[in-house]
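Two complexes, one shared chain (subunit A), two partners (subunit B, subunit C).
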Partner chain A sequence: MANSPLLVPGSTDNLKATTSKSISKSKLSSAPPSSKGATPEASTKASNAHAPVQDMAEQMNEEEKHKYVKADFEILYCPGKKLGEGTYANVYLGHLVTSPSTLVAIKKIKIQAAYTEGLAPDAIRELKHLQELSHPNIISLLSVFSSKDQNLNLVLEYLPLGDLEMLIKDTEGVRYGAADIKAWMGMLGRGVWWCHENFVLHRDIKPNNLLIAADGEVKLADFGLARSFSDPYRIMTSNVITRWYRPPELLFGAKHYSGAVDIWSVGLVFAELIIRTPYIAGDTEVHQISLICQAIGTPSEDVWPGVSKLPEYTVPEPATPVRGKDHYLATFGTAGHEGVDVLMGMLVLDPRKRITAREILEHSWWSSDPKPTKNEDLPRKGGGGAKIGEDLKRRPGVLEDERGAKVARKLDFGGMK
Partner chain B sequence: MYRNGPKSAPDPSSNPLDDICPVCKSNRYLNPSLQFLINPECYHKMCSTCVDRIFTSGPSSCPVPHCGRTLRKKGFRKAFFTDLHVEREVDIRKRVSEVFNRRQDEFETLLDWNNYLEEVEALVFDLVEGSAADKARAEEKLKEYRDAYREEIEGNKRVGKEEVEGERRRERAERDGARARRLAVAREAEEEKADVEKGKRDLLERLANSDGDASAITRQAQKVILKKSSARRNITEEASESNGSANSGLTIRGLKKRVTPVEEKPYDPFGGVDLTPARYTVQESYDNEWLGNAKKDMRHMAGGYSLQEYYARTMFEAFSGLGVFIEEEVADRGQKSDPLVATAAAAEASKGEINLGHKMELDDVF
Partner chain C sequence: MAPSSVSEDERYRTSTQYRLWSFTPASLLELRTTTNRSAANRVRDAVRRVREARAASSGNTSEADGGNESRAVSAVPEGEVDCLSVEEELKLVTHFCRQTLQLGDHLQVPTDVKATAVQYIKRFYITNSCMTYDPKTLLKTALFFATKTENHYFRLTKFAEAITATKPEEILASEFLLTQGLRFTFDVRHPFRALEGAVMELQAMANGHIPVGDKLRGMDRRVKEAHGKAREYLKTSALLTDVYFHYTPSQIMMASLLIADRQLISLYLSSKLPPGSGSANAAISAKLMEALDRCAAMLQSMEPGKEQSSEEKKELSALAKKLRKCRNPEKIDLVSLQRAKREGDGEDEKVVKKRKLERERSAKEGEDVFGPTIPK
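== the complex of A and B ==
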């Protein structure tokens, strides 16, 4: 037993197997030359010992791996089983071995040439933070296992209804109102609040990363850039967050920042939800700064003490005064007075004066009219996943279309008299 | 599946034995009115004459050799299926489905419902094909279930009956509607025909009696007929429209039952979770030499670095090591599957250090 101090409840059989093998191995090593004249029994033992012995970690990994299957859904899902392909991972549709209807997304991290030793940092960031955060508005990490060639696989919950970007872009097919926006912002706000309360900066909030679950719940995903709050004097990179959603302090190269960077992104998502096009979409970082100056106002020492000390502080001339509430009301009036208040709070230039995630959720906007739409009533884009979800929910024998007339009814032996 | 047997069609499976009573050996060829009966006690078939002969005087044992079950005349009936195995299975299914009459709405997920159906199917299989021991066990199960869920079974039976009743009513209404429509159409056609006839007659009369231009009169008469028919068409259209709106309440299929709306709670932006630390309070500021420089450093402050966040994190980290309450943790263990952690203690448990059961521990790599 000294060889294997690890004890896992429930896998005692495996344990016995390994210990017996390891014991025979040690015997072998203690007296290797004498094994030639050994009894037949001993020789079989020896041959057993030559078989590859898995250590405890490998066994646990195998156990975890065999809980999930990559679905073989070519027939059901026309495009094939691959759900998506990113720069550093492929996402496959899978399901639990024990229940084929419980779908999961399996994110298989690609091996990257740049990181020959160990894992890519984005994979580690995602793993590290997702396993600590458990909230309805944050995608949940169900399991992790490694497949052949040491490929890392993250098993995530399957969110079939696409993302907010799809809804925003589909101006023809999807219509939504102030109450729907409020519901989405509520879910996004809760997700960000939960991250910040648990000392995690997401650093890549954008509509593309807000996925929608089958029940309409919006979930914060892609923690590839996340990190935990930094200590004082410890610098962080300012080269994070997709440009359109990047706050001015990061554009000015600040190395010490806080959760306020995420709030700026949340504000721009809010604005984008209302006007259905990216609000501040710069082509370069300099362009982004000048657009911010036009849309919100030029950051100056008056509105943002100390801003000129930031390493890459440059603003275009002439300076634009900070916009007042009527400017926002003209563009974002559909959100209502209080909604515009929240939006303005999120888009304050000075990060210290920006509203925090907790303050967003404490705002009186939530209790004012209109009430946020309930999840089941939220508009959704009819996709393949949605269709299949509907099919699964339908009662057998009850068909909504004309097919019902032609299909035989369920045999009802109880009704037969 | 044959319902009334391959009587007319000469089928290879048709057995001459089918027409001979196994008890008295009388033959359908000699006695065309021969009728076979069975008793669901043992499913041995015999002709009605035999049943009368043997069982009129009271219960008696089955005349088929090696059976010997006590049968009563009352239990005999005509078999619905020629194949008595099918007949028996259907009877068993009827009996089982009277007890296991759960509905899909009662199940949380499709999987649960399917599992239930499979269980019932296994029970039926045991009853139909199983050995004597299997049968006894299945019967025992059936009885147990009936005793355990008597009320629910009754409730479901009532719901099922109502449903069947509703379906029947709807069908009847549809049938009646269709018949009424057919009659109306027939009457229409007849009226139209009569009208045309009458128009023609009028025309002929007018042609005979008046001395005006013949072609002018014909044209006028045709116009009148056309006008009448179009007017009639309009009337029928209107009628059908009004009919449609009146019937629409009856013909909609697949309506879900209305659920009385639950009293809505006020919107909680925090989703019912309170993360205010329960065991300590974070102060506005802490005096510390090491932090003093950061407070004064413009790059920290202008970049928005929040010392409040730092205080909150350090306080949490400092206390999370101390705040290990084994009893609370054990009590929370049951609730951990719930993603919405409601209580403050559970919220704390899910916060960072104490991981959810199935998640692995990883060292801090940064």
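== the complex of A and C ==
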């Protein structure tokens, strides 16, 4: 209640001007008008004469559905427009019925026979949070509708230029510098800030969840592990965030944590952007902790009061003192002095002392040289729509420890220290 | 690079609770009326169809075929169908929301799970009718679904076991309908945290940690009492009335505090909007009090802890009886309906099997090519 809301409605009538008309308004308000004037009651009245009519809820769903065309319905005209297929979801390229040039990605979530508890938690989390968050640096959920067989279809903005992981890995084809990194970090920082400002923890920030729009804008995607901030007395699971990006408090089994967990991941994305290989890439959780101790320093009561009380606190002997700025400058010097300050702030062991998303955005790094590259001048990779298909069809929220990390472990020995 | 300042109100206006689930009383009534009328028409049509089918099949008296149909037939009432009115539906929905709170207590789920479930039910029945979907069944689905959206996982089988005469498939059968009725928006903004925040600030003022003159000094006892009383209103009245559709969480919270201790809260508000410093504050303050009073009046229309009178009970059991006679006969067996929907439109067995094989293969490859998990 520190800043109590001062917006006071004049009367209940203009308090919330949502009328029955605007209930059919989707987030895509800037898109060309569709289903003009089809307010629920209008369509009900019109169809009352013909039985059987649908529930009003069903009618609204039909309206949303008919706003979009899935490319596979028109496969004769645009073949190959299925962007990806997976066990969790298929992704189609689609467009607005009223505007063929407005492309969208339609993620059709399959009903999972193996999951017997109804709609799966990852789909629920993704839907719940994407419905609430609208920000230029967070993937937009434009609409949701269901098809006849009760599969959910998420209409997402189409992000054709791949993800940050592709750029980082393509050391031959893509060259970028400090100003580009600053631009990407700015966009990531703003996306994460907006999540935290809205009391949402993302809990799976990593380069391949940072997708790139046609105009170069970076967007935070995959909210399958996201959740709202917990109440102080309610516990949360510590088994979140892909291992390489997982902060020490979660590795130590903390059940109460904050937005600081995401900030640690942001720090590791920053480090990876600079050195172009994952900075702390452990094979197991124990290995991850020992690598953190080497790279950052050993968490102890001195630097992090209370850490030894965390349920799974164990650190290797002998302890490594917390690294100083010189250590970081040697590896990450290309980010500049202030850039290194920001990085060190993100990688502070004690989550209470870690820099917050707001503090990141308020840092003087942004106003120091070089200025962040403009979106249109950012390095990019071609490759078209395959990537968003790959990214979107993945099961949101499933950590890639089981597959991805293993692949990297087998094939990427050279990249590891 | 400093973040643009976004006020709490601007943020609230991006929420689905504001964008899709806030109404003026008039527009809310209009929606409910439309829903009720169209459902009543459909009940009459469906009853007519079932009667015609029955008349057609009465020649051959083979009752043996199709359990579903014979059940639907037996549910069809005689004579003209007497449908529920909007007011009657609303009374029934409120009654079943109360039952949801009791069921939540029985299952010992946290307050926000119960609160979210009740809002799901209220939102669902804006565009769906009790005559189409029985609230007695839907409330279980809503409560189960709320355990998932509020991160309080409860195994479906355990959940069903804990409720008498409930099968897991019965709970899942209306899950899709529920999510559709919720327009696939699952986030509900409650006033509970706002209350904790306001009470913390009031305590700090009472203890002199926040200097606001002497007026609030030493009032910590009253703050505590107001806290408890306001919380009762938020846990019951706020959920059962329509306040969530008309007011913001912070307004609901403040209105409940106002009911609890008007004098204390007036002091609190005047410390936020000091009357001396310009006429703008006076105008804002008047507007604010007007909105809060209206919200408080709505909350007080359903006092917490008040037992239903015997007349109300009588009325409700009459309504429940009336509902049994005007249920849409085609929407009674939701479990079969849902199975038909999924199987009818879905893939045939072959496709399902192929997909299963693919899944297994990819899982296997994931294991084999890169070796077994390295032991931790």
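The rule is simple: the second predicted complex is superposed on the first by the 318 of 417 C-alpha atoms of A that agree within 3 Å, B and C clash if a C-alpha of one lies under 4 Å from a C-alpha of the other, contacts with A are read in each partner's own complex, and residues count from 1 in each chain.
Note that a residue touches a chain if its C-beta (ideal position, glycine included) is under 8 Å from a C-beta of that chain, and two chains touch if they have at least 3 such contacts.
As the structure is a computational prediction, the values presented were derived from the model and not from experiment.
Touch criterion met: A:306 reaches subunit B, while subunit C stays clear of it. When the two structures are aligned on the shared chain, A:231 is found in touch with subunit B and with subunit C.
When both complexes are overlaid on chain A, the residue A:148 reaches subunit C alone and has no touch with subunit B. Within the superposed three-chain model, A:318 lies out of touch with both subunit B and subunit C [touch as defined at top].
Of the two partner chains, subunit B is the only one that A:350 touches; subunit C does not reach it.
In the superposition on chain A, A:140 makes contact with subunit B only, while subunit C stays out of contact range. Of the two partner chains placed by the overlay, only subunit B lies in contact with A:256; subunit C stays clear of it. Looking at subunit A, you'll find residues 124, 127-128, 131-132, 134, 144, 186, 190, 193, 197-198, 227-228, 230-231, 361-363, 366-367 touch subunit B in one structure and subunit C in the other.
Only residues 99, 101-102, 124, 127-128, 131-132, 134-137, 140-144, 186, 189-190, 193, 196-199, 227-233, 249, 254-261, 304-307, 309-311, 350-352, 354, 360-363, 366-367, 371-372, 392-393, 395-396, 398-400, 404, 412-416 of subunit A touch subunit B when the two sit together in their complex.
Here subunit A touches subunit C in the complex through residues 1-13, 15-20, 22-23, 25, 27, 40-41, 44, 48, 51-53, 55-58, 60-61, 87, 111, 113, 116-119, 121, 124, 127-129, 131-134, 144, 146-150, 152, 186, 190, 193, 197-198, 227-228, 230-231, 234, 236, 283-286, 358, 361-363, 366-367, 402-403, 406-407, 409-410, going by the rule given at the top. Of all the residues in subunit B, the ones that touch subunit A in their complex are 90, 93-94, 97-98, 101, 104, 109-111, 160, 164, 253-254, 266-267, 269-271, 275, 290-291, 293-294, 297-307, 309-310, 312-313, 316, 339-341, 350-352, 355-356, 358-360, 362, 364-366. By the touch rule above, subunit C contacts subunit A in their complex via residues 1-3, 6-9, 11-12, 14-16, 18-27, 30-31, 34-35, 38-39, 41-42, 45-46, 110, 112, 124, 127-128, 132, 144-145, 148-149, 151, 153, 155-156, 168, 171-172, 175-177, 179-181, 183-187, 193-194, 197-198, 200-201, 246-248, 250, 272, 284, 287-288, 290-291, 294, 330, 338, 341-342, 344-346, 352, 355-356, 358-359, 362, 366, 370-371, 373-374, 376.
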